[in-house]
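Mind looking over this structure? Questions follow.
Letters A, B, C and D mark the chains as written, and numbering starts fresh at 1 in each.
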Amino acid sequence: MTVTEMLGRNYKEIIYLALFASLVVPMIRPIGLPVPIDKTTADIYNRVDALQPGDVVVLGSNIGAAIYAEVYPQYIAIMEHVFRKEGVRLILVDHGTEAPIFAERALTELNAAGRKTYGVDYVHLGYIAGDEAAISGLCRDLHALLQVDYSGNSISSLSMLDDINGAQDFTIVIDFTASADSQFWLNQAYATYGTAIAFGLTAVKVPDAYAYYTAGQIFGIVESLKGAAGYEILIGRPGIAAKGMDAQSIAHLLYIVLMILGNLAYFMGGKKK
Amino acid sequence: MTDLIMALGSTALILMIYTILYRENPAFRIGEHLMVGATVGHAVVLAVFQIRDLAFLKVQQGMNTGNLGQMAYVVPILLGVALYLQFSKAYRHIARVAIAFMLSVGITLSARGLISVNVIGQIKGAIVPLNNVQNIVYTVGVVCVLLYFVYEERLSKAVGPVPKVGRWLLMVTMGAYFANSIMGRLSIVIGTLDTILPAPNLYLIPVALLILIADAWTRSKKKE
Amino acid sequence: MLNQGIVSWVIITFLFSGIMLGVLYLSSTHKYIPKIREHPGIQAIKEALGRATEMGKPVAYSPGTSTLYDTKYAGDTAAALTILGYTARQAVKMGSKLIVGIAQPTVLPVAEEIVRQAYRAENKPEEYIEEETVQFYSPNQWGFATSYIGMMHREKVAANFIFGGHAAEAMVIAESGATIGAMQVAGSTNVYQLPYYLVSCDYTLIGEDEFAAAAYLSDNPTHKGIIFGQDITKLISAALIILGAILATFGNNVVKTFLST
Amino acid sequence: MSQIFKKTASAVLLIVAVVLTCDYFIKDATLRAVANDMNNWAVVIGAFALGLGAYSLTVRHTRAIYQKRTTWPYSALLLGTMIVFIGLGLFTGSVSSPQYNWIYTLIVQPLSSALYGMNAFFIASASYRAFRARSIESGLLLVAAIFLMLLNAPIGGVIHPILPQIGKMIWDLSGATGMRAILIGIGIGTLAIGLRIIIGQEKTPLGGAD
């Protein structure tokens, strides 16, 4: 068999096994490559770190099982950071049907009930259907939109919401998603009320968000597992994200090698398809 | 015990899905149907809670206090029910009213926000003083791509080779999307590995591989 | 209530809407019907159909997994259905078997009507087979993808067209289509899926190319009108950027200030 | 009769759009109240829309079981799972009750992440098989993608510090040109499709011209 012939074959099974191995081996035996911290991530860290007592943080979430691995580590890292700031009020709201489960899970994992008082320091409003209309309603007047919070408590019984009506009272909003709700926050809160917005996104969503970032419309982006790993390091709480970065590196190398080999085959094999 | 069921169960389900990489098979189909049933059932549960919290509670309160605005939430409830008439040939036109309402709110909210954020905001973001090479490249580039999206025959001919350059820049942008999507998908696989790799879940991997090899072997026998 | 940029918002919105509605009016009254350039993607569709006919194999078409009235992809679905009308007619004319895969139950009756119409227009209504030519799969993206891929494998399709709003299943469909050797043409405004199409398909309509192609193929003159309207607004946007940049170079920020008021 | 509903639908399209547009730039308490209600009504209708998928799947799979198609056991599995989730959710009264959480974590989380993750494998085989520099265009895509991958993975900087820098340049270029123009296009395109729908030129979203 000539080299050209060898490269010309379709090594589907071998490629799959190689990818699997390139992920598994570094997970079991980490190499410990340094994780660079993006400026977009650091911008969010600094903004959260500078929050003052009385400020209101809204964490929107459309986390579902499909994007859990990418976005949940960001969500929990930033939530932890917010909880460390004394007197900062936190509102959790969900834009996807699966998101409430992950919001509750994060609260349990961070022992929110033991550290803070529900209704005074933080609330979980739950999932609101209706896409852009839901976020628009929340920004207009959340008391008019909602009767009860996620656990069924009447909104009027939650004292921290007494002086919070809509987007003009939110200090910052960070939305964690792979869907269009980040755009909805931008359209409804930033464009309409000038509220400061940032996103925690899956990698695929980042390129267009970056154009918003460079135009100064959002103040930061946490980008996929990479950004989560950076944030974990910034707050000194390394977790799953930091652990997975070596596997990322090796698998990336594999893809690049595959692309180069594929092109070699193409050019050596007379450019046939 | 429940923890063990959870750990082994999740691992088995993940492996069942990954068998599609070998070929389409009943294990994958079972996984897929479980998943569709579960997500759709989940959506129904949330829909019920939503309708209760956002509409029925308001109507109820309106009845008690005599607030007409709150009682009016009967209307969206009726419109919501009308959505289901889409499936009826005879009454489909009634559903049009509900769709029209939802669509009009959605597209107006979307358009009015996008004009501000995407059109005005991005034009503003694109305006930079042309005092260095980078800024000049950016300005020329963004105009080239914009002109690629011009379709009228005479207009697109008048701008000459500019759209071609625009398409090249779009390809570079698509390269960025491609690279990022690789990072995203890998992160997801890493998340599943976090479930699979701890013992005893790990031991299911050789089991799955053995089944696949056995299947490949019987299939090659059959071919002979 | 809009806080900043209200003046520019009102001016831009009404100017752009006015231009689009103006051209739309001119085209609807047949006073001026703009000519839309033929997109190479349309040639690619013809080529793929021709190849399928030569090989005597069927062609597959997906108008996406979005609903008809999804705020984000309503335009995509509508464009995909227009292109479906054209593709169906061409397929019938050339004599290749067409199979359309549908994800959303609400898209089903519309697609059926469009395809039936195409068969009628080519005087071959008997070749349209109920539940066979247009097949309904599943509103769930993965359910749809597996059924659609299964169909492509079973029927050994020689051409595959992917339009409309697709999400993560796009990659799986495009890659499977490429594996079985089908010639593929795809288009979407969902930028997240475009790189996969560009890699796996023979021709890709990027973003609004899909709308323009639909307008080019449509009998409705207003379709072309609104595309021309959009062209003008894009030229205005480009002009604003160039003017703003030149002025900014000389320290004059009037354009930027205008856009912020 | 159907004419009345069609006319109502057209009127609704126009009125809602006009009210919500005016609400954006006119300060008026009544207008604002009406817009708020319209907004919240759409949220309620949206909640009903969540159930549409369940309805059509139930019809389709019940039929499959009834007709004893070869795939009927899968259909039964799907419907069974759906019923279990609905029953458990409504019975426990919350989707974060321990029981519901358990079954969700057992079934949805692994399946969903595996389904999305499997794309990583497909992309790997596509990288070898399809990702070729057939033309200037695909060459550009390829080169950009490789440098950006070296920017994304920490290993790029370990191999040589220049690699992520080139990646960053390409990243900034695509953000400032391609992405920006695409975003402007989306804004204009949404306005255009919105106008066409609202004035009744685009009938497909409402279910076709009939």
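Just so it is clear, a contact is a pair of C-beta atoms (placed from the backbone, for glycine too) under 8 Å apart; a residue touches a chain by one contact, two chains touch by 3 or more.
Bear in mind that the values here come from a model prediction, so they are computed numbers and not experimental data.
Undergrad: Work out which chains are contact partners of both chain A and chain C.
TA: B, D
Undergrad: What pair of chains is linked by the most C-beta contacts?
TA: That would be the chain pair B-D.
Undergrad: List the centre-to-centre spacing of chain B and chain C in whole Å, with centres computed as mean CA coordinates.
TA: The mean C-alpha positions of chain B and chain C differ by 18 Å.
Undergrad: How many angstrom lie between the CA centroids of chain B and chain D, rounded to a whole number?
TA: Distance between chain centres: 3 Å.
Undergrad: Quick one: which residues in chain B touch 2 or more of the other chains?
TA: In chain B, the residues touching two or more other chains are 21, 29, 32-33, 35-36, 39-40, 42-43, 46-47, 50, 54, 86-87, 92, 99, 102-103, 105-107, 109-110, 112, 114-117, 119, 122-126, 142, 146, 149, 167, 170-171, 173-178, 180-183, 186, 188-189, 191-192.
Undergrad: What positions in chain A touch 2 or more of the other chains?
TA: 12, 16, 66-69, 97-98, 100, 128-129, 131-133, 136, 145, 191-192, 203-204, 207-208, 211-212, 214-215, 226, 248, 251-252, 255
Undergrad: Where in chain C do residues touch two or more of the other chains?
TA: Chain C, residues with two or more chain partners: 1-2, 5, 9, 13, 16, 68-69, 71-72, 74, 105-106, 109, 138, 140, 142, 168, 191-192, 195-196, 198-199, 207-208, 234, 237.
Undergrad: Sort out for me which residues of chain D touch chain B in the complex.
TA: 2, 5-6, 8-10, 12-14, 16-17, 20-21, 24, 37-57, 59, 74-75, 77-86, 89-90, 95, 102, 104-121, 123, 136-138, 140-146, 148-149, 151-153, 170-171, 173-188, 190-191, 193-194, 197-198, 205-207
Undergrad: Under the definition above, what is the set of chain C residues touching chain D in their complex?
TA: Those in contact with chain D are residues 1-2, 6, 9-10, 13, 16-17, 20-21, 24, 28, 68-69, 74-75, 77-78, 81, 105-106, 109-110, 113, 136, 138-140, 142, 168, 171-172, 175, 178-179, 189, 191, 195-196, 198-200, 207-208, 211, 220, 222, 226, 229-230, 233-234, 237.
Undergrad: Can you tell me which positions in chain D touch chain A when the two form their complex?
TA: On the chain D side, the touching residues are 24, 32, 35-36, 39-40, 42-47, 49-50, 94-96, 101, 104, 108-113, 115-117, 120-121, 123-125, 127-134, 142, 145-146, 149-150, 152-158, 164, 171-172, 174-176, 179-180, 182-183.
Undergrad: Contact residues on chain B for chain C in the complex?
TA: Interface residues on chain B, with respect to chain C: 24, 28-29, 32-33, 35-36, 39-40, 86-87, 89, 92, 99, 102-103, 106-107, 109-110, 112, 115-116, 119-120, 123-124, 126-131, 135, 139, 142-143, 146-147, 149-157, 167, 170-171, 174-175, 177-178, 181.
Undergrad: Which part of chain A faces chain D closely enough to touch in the complex?
TA: 10-12, 15-16, 18-19, 33-36, 64-69, 97-98, 100-101, 104-105, 128-131, 133-134, 136-137, 140-141, 144-145, 150-151, 192, 203, 207-208, 210-212, 214-215, 226, 245, 248-256, 258-259, 261-263, 266, 271
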